[in-house]
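Read the structure below first, then the notes.
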Amino acid sequence: MKELVIDLLNERGVQIKDIAQIAYDLQSPYNPQLTLEECVISVEKVFEKREVQYTILTGVALDKLAEEGSLDEPLSNIITRDEPLYGIDESLAMTIANIYGTIGVTSFGFLDKQKTGIIEELDNSAENVNTFLDDIVAGIASAASARLAHRHKEKQQVDIS
Amino acid sequence: MKELVIDLLNERGVQIKDIAQIAYDLQSPYNPQLTLEECVISVEKVFEKREVQYTILTGVALDKLAEEGSLDEPLSNIITRDEPLYGIDESLAMTIANIYGTIGVTSFGFLDKQKTGIIEELDNSAENVNTFLDDIVAGIASAASARLAHRHKEKQQVDIS
Amino acid sequence: MKELVIDLLNERGVQIKDIAQIAYDLQSPYNPQLTLEECVISVEKVFEKREVQYTILTGVALDKLAEEGSLDEPLSNIITRDEPLYGIDESLAMTIANIYGTIGVTSFGFLDKQKTGIIEELDNSAENVNTFLDDIVAGIASAASARLAHRHKEKQQVDIS
Amino acid sequence: MKELVIDLLNERGVQIKDIAQIAYDLQSPYNPQLTLEECVISVEKVFEKREVQYTILTGVALDKLAEEGSLDEPLSNIITRDEPLYGIDESLAMTIANIYGTIGVTSFGFLDKQKTGIIEELDNSAENVNTFLDDIVAGIASAASARLAHRHKEKQQVDIS
């Protein structure tokens, strides 16, 4: 299923490298030796988690159903215009952000305000409904960054001892 | 919108009284003077919350889309057979359970294991897909019960002082 | 108890006005008519919530115990030097941020990275241990801002109809 | 630090085997071949997580400080008599329950109502303040059980393919 959800994101205009870049931007200030390649690997690890796969399947399905006009009102309208108080998109994405602990959730909150890179592109897309997708991308990048933070920390402690 | 989501639940076989009964069963051991009528009022209050309304709209839409065969695979199959590790249904419902604090979340966990009343009927329905609905009902009952717990407590403290 | 926790924050160098200013900075871009006075009222409302009061009591107690050297190792050292992976301070504060829904949690994540105003002062204090306090202040400001966002939205919808 | 927190729990009357038994009771209905030994291993894995270690350190410290009379009022009284609306004990423990996803949180809610085994003993202790400890034990057992549920599921899927 990992390949299936990666294909689904590609189809919606999101590449692993785009997400890895956001994780890099989040984590590199705390770890100057970090490489983009390590961020790609960390994003790949996040995609292996079943709850991440299920969240992507569900969120992207809702974006596509809204886009095709297959949802009833008022939900169709709420998702299509990305109603700011809807909140289900952020709630779902925060369960991804949270898989490596609290740090991921605070990074997610930061990205939610400072939309950067692919997140901004998704948010401004004229063609597609990306109400769930922009938050999902932020959630994956936040989780990948939190995973790197934990590993960096553990490496430092081993180096000291 | 409150009326709209109550109608939507009625259409799916759930009455406010059914949810109030579960809230009553949760809370009456701690508050013997509690009436079913107070539980109905508490459930009504929960329905006024916008995040509750949005969660109902979204969850019931996914149940209905799965039922009609309008979702892509593998999501269609996952929701239709209520895959136990899916977890998105419980995550969404927990945001309802949580609106009056932690007590609601622990009640939700209890109901998730001890499916009682309408929750059991929904879970066993042969006709309908209720993968989200059973958890939504548990979430509303848990929130309504948490709200009553807080009010009961505050009343006790006023009586003492 | 509301007065007691406000006094406790004052004693630790935090005034309601300082928190209201952060809520104002968060919310005024979306609501240009917002006044600082409305933010003060919103912060006061957040202080009325029992879970907020309990979180303040607990978090400030841990800061003070660490400061006095009354905690056992390794907890004393972890809290005193604000160990970045500790996370309990953020988890507790997020329960405050969350009381008016998801928006509060994303604001909290933003403040956690972009420490502004009193949060930065607390974080840099040489005299006091503020490991919990800086996050608590961010949590209260985030909740107060989320409350204003919901009210602003509802007012707009009434104006349209 | 893993050994340190296990020692701390032993000192407070909790053995790994007691927690493993609760995980076994939660999970064995879904997996009849499960052994208590596998549950012991799963509990050991939960203890390796840094956020679990930090939560134990913090919660047990608060129990002990309350017991020794080292907390200020009203917090001392709230923790000592296990005030039902306090909620910080459950919030902290739920972050443990949540480390392997939503299933852990629902099991935690169940245990919170149906206190079994060592949880009931802790809850009824006349000598010790266990306000945090009973929830921490429930959180660890719930996480260990959620971990077994995920592994059981994955094994089943491999067997099918």
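Per-chain numbering from 1; labels A, B, C and D assigned in written order.
Here, a contact is a pair of C-beta atoms (placed from the backbone, for glycine too) under 8 Å apart; a residue touches a chain by one contact, two chains touch by 3 or more.
For clarity, every value in this text was computed on a predicted model and none was experimentally measured.
Shared contact partners of subunit A and subunit B comprise C, D.
Each of C-D and A-C has its own count of C-beta contacts, and the greater count is at A-C. Averaging C-alpha coordinates per chain places the centre of subunit A 30 Å away from that of subunit D. Per-chain Cα centroids separate subunit C from subunit D by 28 Å.
Rounded to whole angstrom, the centroid-to-centroid distance between subunit A and subunit C, based on C-alpha atoms, equals 26 Å. Residue positions 50-51, 85, 87, 91, 95, 101-102, 150 of subunit D are each in touch with at least two other chains.
Under the stated contact rule, the graph of chain-to-chain touches is complete, every pair of chains being in contact. Within the complex formed with subunit D, the subunit A residues making contact are 50-51, 95, 98-99, 101-102, 150.
Those residues of subunit B that touch subunit D in the shared complex are 84-85, 87, 90-91, 94, 101-103, 105-110, 112-114, 149-150, 153.
Of all residues in subunit D, those touching subunit C in their complex are 1, 4, 50-51, 54-55, 57-58, 61-62, 65, 70-72, 74-75, 78, 85-88, 91-92, 95.
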